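Chains here go by letter, A, B, C and D, matching the order in which they are written, and residues are numbered from 1 within each.
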Amino acid sequence: MSQFQEKTEITRIERLTPDVFRITLESSEIASRARPGQFVMVRTGDGKDPLLRRPFSISQTSSGKYFQILFKVIGRGTSMLAHCREGEYLSILGPLGSGFTFDCKADNCLVGGGMGIAPLLFLGKSMLRNCTLKPPTIVLGARNKEELAPLIKDFKELGLSVYPATDDGSLGTHGLVTDILKGLDLAPTCKMSVCGPTPMMTAVHLFCKKKEISCQVSMETAMACGMGACLGCIVPLAKGGYAHACSDGPVFDAKELLWQVR
Amino acid sequence: MASSLKADLRVSIGSLKLKNPVMTASGTFGYAKEFEPYVNLHRLGAVVVKGISLEPRAGNPPPRIVETSCGMLNAIGLENVGVERFVKEKMVFLQDVNVPVFVNILGDSIDEYRVIAKRLKDVPGIAGIEVNISCPNVKKGGVAFGTIPEMAALVTAAVKEESSVPVVVKLSPNVSDITVIARAVEDAGADAVSLINTLIGMAIDHKSRRPCIANVIGGLSGPAIKPVALRMVYQVAQAVSIPVIGIGGIETYEDVLEFMLAGATAVQIGTANFINPRASEEAVEGLTRYVVDEKLSSIRDVIGGLILP
Amino acid sequence: MASSLKADLRVSIGSLKLKNPVMTASGTFGYAKEFEPYVNLHRLGAVVVKGISLEPRAGNPPPRIVETSCGMLNAIGLENVGVERFVKEKMVFLQDVNVPVFVNILGDSIDEYRVIAKRLKDVPGIAGIEVNISCPNVKKGGVAFGTIPEMAALVTAAVKEESSVPVVVKLSPNVSDITVIARAVEDAGADAVSLINTLIGMAIDHKSRRPCIANVIGGLSGPAIKPVALRMVYQVAQAVSIPVIGIGGIETYEDVLEFMLAGATAVQIGTANFINPRASEEAVEGLTRYVVDEKLSSIRDVIGGLILP
Amino acid sequence: MSQFQEKTEITRIERLTPDVFRITLESSEIASRARPGQFVMVRTGDGKDPLLRRPFSISQTSSGKYFQILFKVIGRGTSMLAHCREGEYLSILGPLGSGFTFDCKADNCLVGGGMGIAPLLFLGKSMLRNCTLKPPTIVLGARNKEELAPLIKDFKELGLSVYPATDDGSLGTHGLVTDILKGLDLAPTCKMSVCGPTPMMTAVHLFCKKKEISCQVSMETAMACGMGACLGCIVPLAKGGYAHACSDGPVFDAKELLWQVR
C-alpha cells in the first residue's frame, strides 16, 4: 500500500448547500490507488493557523485521475477550504487508512448520516461496478431535505436507489436511519457499512448486534498525522486497549469497538 | 536537485558522527517506518523513536490531542510497545535503514530507566539513547525527574552506566532555570542534552465546559513554543560544554539555522512532521543549499554564531 | 444591542466590586487614554495601566518587538514616566473615567516597591495595585522576585503594608511550580493573584544572524501562550483561596469563559488590544449575551465550573 | 483628532508591478479626516497568523470617501493583502500618527524612495491644492524603471513633474536621489519632506544638515498597536531617549532624531 504527499490541483469547486462543498482534485497517484473508506489529510492553507491538516473521506474517484472530497464548513479549516479557487493547489496526503471491505455474495446495506454519506458514495459505486447482481440497499439520513437532497442526487445518478430519512421529515422518513432499518427485511447474512455521527453509529451497531448482522463502521476522531505516528486518534476496543483510527481504521468491525451506551 | 549539491553538514554528538544535524523528535515520527512513503530516511541525521518504557503502555483515554493557536496539545500517555517488543519488532525495520537511531526511554523510577538501558545495550542499530526525564517520578509522588537537578543527575548516571552508546538527556522546559538541570546532567555524564520537551498546557471547550483532552493537561508543541525553545537552547548552550540538540517548533531549514545560531549542534523536528512529512528531508536540502550559497566550509560554522547587539 | 441586555456580570476582587470580569492587561492598554477613540472605557471591569517604577525609565533600545507564530515578543524595558509624573499627569484623565484603575508597579528592590505603593496610597481614582514581580531583583544579582517564594512574599507584604486598596500580585510563568509562589503571596497577604505574565522567549533573524530584539530575550504573549496560561490558572485556582485573575492570549468572550471555567474570577486582555482595540468591550458584550442566552443567574456561576472527565 | 476602527470595503485592487499593489478602500470617516503622512493599521486576515496588524501610509484620498494604500509584497501579511478580492472587507484602524507639515510660502521638495513614495503622493496633491503658486519639487528613486514608472505616473497625472533616479539607470538619473538633490538649486528656506529606506533618509538628512535646509522624515519601525499603547515603535532621539513612531511620528524633524552614521 502506498501513500503520497502531493500538491494537487483543484479542478472544480461546487457549493451543494450553503455550507456543504465538494472539491474535485487531480492526482492520478491518489485516485488510482484509493479504496472506498480511505481518506486524505488536507492542508487547508499555507499559514500556521490552523496548524494541522484536516481529514476528509474520499467521496469518489473518476478516470483514475480525479478524486472528490465533500465537506461541511464547521470551523476555520473547512472555511478556508471553501474559499479556495479552481486552479489553486492543495497539499494532500493519501490515500490513508483501511477501507471498507465488501463481499459481493452478501446483501450489502450502506447507512450514512450527514457528512458520513461522503465515503458511502465511493463504496456504493464500487459495489455497483463489482457486484453486478445485487445493488446495495442504501439508507441515508440528515437534518433536513436541503442537506440531504444534494447528497442523494449522486447516488441516484449512479442508478442506486436510496431510503432517505430526515430529522424534520422534510424528505423521506421522518426520523432516524434506524427507523428505516427496522422496516427493512434484512437478511442475517447482510453486511452493514456505516458512516455518520457517533450516536447514529451506536444505534446502528446496537440494531445489528441484536439482529446478529455484521456491521462495519467508519470512525471519526481528532487526527494530527493521519499515518499512525502521533497516536492521537484512538478508539477504545471492546477487549480493552485502543486502536488507531487512522492506521487500524477508520473502518472497524463494530463488534470490536467499545461503544458508550448511555 | 539539492541532493546533487555537495556541502559539509556533519556534526558530532559525543562519539557519534551524524551526516547532518537534522533529527526527528520522539513521538512525532512513530518508529520511522510510518514515514517511509514520504521520506528518504537515510538522508536524515538521525531518527528518535517514540518513548519506550519497560512494560507496554496503553496510554491515555481519548481525546488525546487538540489543536491550539499555532500549536497542539497532546496527552498520549506514553503509549508504546514496551522495550521487549520494541527490540524484537520495531528494531528489525530500523536496522535495515541506514540512519542512526536514538531510542527515547522513560520510566517511573531510576531503576526502570536502568533496566531499559541495559536491555537496549548492544542491540545492533541503536546509535544512541535519549533519556526523557519529563515523566513523573512515581516514587517521589509524581514530581517529574526533570525538575529536580539531583534526580535528573541520578537518572542520567544510571542510564550512562548501562550504555555503550552516547546518552542524550532530554530536558523539560517547565522549570525556573533550565541551565541548572542542564549542568546537573552534564556533570552526571550526559553526552548531550536535547531541549525542549513540551510545555505543560491545557485547553477547555467552553460549550461542553470540559477539558479538550481527557488527561486535562497535556504537552504543548509546535510553532507556538519556538520562541521559548530558542531562548532555552541559547541559555543552555552557554551553560554547558556538551552538545545541545534544539527542539521546539522547527519546521524549515531557516528554523534549524536559528537554533544552530543560538548554539545548537543538532536539532529535532517534531510536530512539523505531521503537517509536512517531508519536513526533515526538506530541512536537510535547505541546509545543503545554504552552505553552498553562503560558501561555508561547514554547517558547523553556524553553531553559536549569533551576533549580539 | 447587547448593551440593552441585562445580565449580572459582577465579580469581586478582595473588597473591590467590579461590574464585570473583563480587565485590560498592563502594558497593552497604555494609560487607557489611547483607547478612548475605540472603547467605552466605563463599560470595562477595570483597566490596568502600564507598569510604573519609582523613577522614569527610557526603556530598551530598538527593536523592541517582533511577531512570532500566533504571538509576539516584547522587550520594552519597562519604559514609563515614573510614579510622580504618573500621579500628576496620567491619573488626571483616569480620574474622570468611570472605571476602576489598577496601577501595575515594579521595582529593583523591595524598598522601591514599598515607596511606590506609599506614593500611590490615597491617590483618588486608584482602585487597586497590581504588583509585577517578574522584574529582576538588582540586589539579588538579577534573579526575578517572582521565582523565589520568599522574595515574592516579602514584596507582597511590603506593598500590602503601604496600601489601602486591594493588592493583586502578578505571577511569572517562568517557574517550575507556580502554585508555590501563589501560596507564598497569598500567605503574605495578597488580595488576589493575576497570571500569567509573559513567557521568556527569543527570536533570531537567520539572515542577519542577530537577535530580532535588541534585548536578545523578551516576553512572549498572545494566543500562542494561552494553553500554558489556562493550565497555570487552573492549577493556581485549586491551590489558593483568593481570587485568581486569568491572563494570556485572551481575545474573545469564549476565551474569557474558558479561563473562568478553569477557576478565574476575572481576566485581563493583553495583546489582543493591539489587534482589536475593542476586544475588551466586545468580550463584555459577549459575556452579557452568554449569561442571558444560558439563563445564568450570574457569570459567577461559571467560575471553576470545569467538568472533569 | 479622531481615529476609527472600521470594516472598510475594498472597492478596487490594482497590480502596478508584479509585487506592488494598490488597494482602494471606502471609509468616509477615515478619508475625510486623513492628512498626508498619516497611516492606517490593517488587519491582513481573520486568523492568528499573522497576528498583528500591518502599518501602511495613506497614499491618497478622494471624494472624502475613498483612500488608497500602496504596498509591496514582502512577507505573509502583504501577500495575504495581495490576495484579497474587490468587495471584501478589511479591518482598518486610522488615520493614525502625525502628518507632514508644510508651508506654502516656502519652496517644498519631496523626496521619496521605493514604497516611501506612497505618502508623498498625498502630500504632493495637498500642496498642489493649497499652494497654488509654487508646485513642489519632487525627487523619486527606486531600484529600476519597472518599479518606479508606475509610481511616477500618479504624480504626472496630477500635473506634477518628477526628477526620477534608479539604481540601474533604467529611468532618469543613474544613481541615488541625493545625486539629483546635489544638482538642484535649492533655496536655504526650502523645506524637504522625505520618506524611504533608512539609508536614503540618512543621506538626505546629512545633505540637508550641511546645506542647513529644514528636513522632515517619515520613519518606519516595527509596530504592534499603531496608537501609542505598546511602546514598541521607538526611534532614538538626538537629545537622548526615544520617541514613538506611531504617536509622536511617523513624521519627525530630522534634526531631532539620532542618525546612525557608519
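In the analysis below, contacts are C-beta pairs under 8 Å (C-beta built on N, C-alpha and C of every residue); 3 or more make two chains touch, one makes a residue touch a chain.
Predicted, not measured: the structure shown is a model, and the values here were computed from it.
Placing every chain at the mean of its C-alpha atoms, the farthest one from chain D is found to be A. Separation between the centroids of chain B and chain D, computed from CA atoms only, is 47 Å.
A separation of 54 Å divides the Cα centre of chain A from that of chain D. Chain centres here are Cα averages; for chain A and chain B they lie 36 Å apart.
For chain C, the set of residues that touch two or more other chains comprises 61, 69-71, 222-223.
Residue numbers of chain D whose C-beta contacts span two or more other chains: 48-50. If each chain is drawn as a node and touching chains are joined, the picture has every node linked to every other. Every residue of chain D that touches chain B in the complex is listed here, in rising order: 48-49.
Chain B contributes residues 69-70 to its touches with chain D in the complex.
Residues 61, 68-71, 73, 147, 174-177, 199-204, 206, 208-211, 214, 216-217, 220, 222-228, 230-231, 234, 249, 254, 257-258, 261-262, 305-309 of chain C touch chain B in their complex. Note for the complex: chain D touches chain C at residues 2-5, 43, 48-53, 91, 93, 221-222, 224-225, 227-236, 240-242, 247.
The touching residues of chain C, when paired with chain D in their complex, are 27-30, 34-35, 37-38, 50, 58-59, 61-67, 69-72, 74, 76, 79, 222-223, 271, 273-278.
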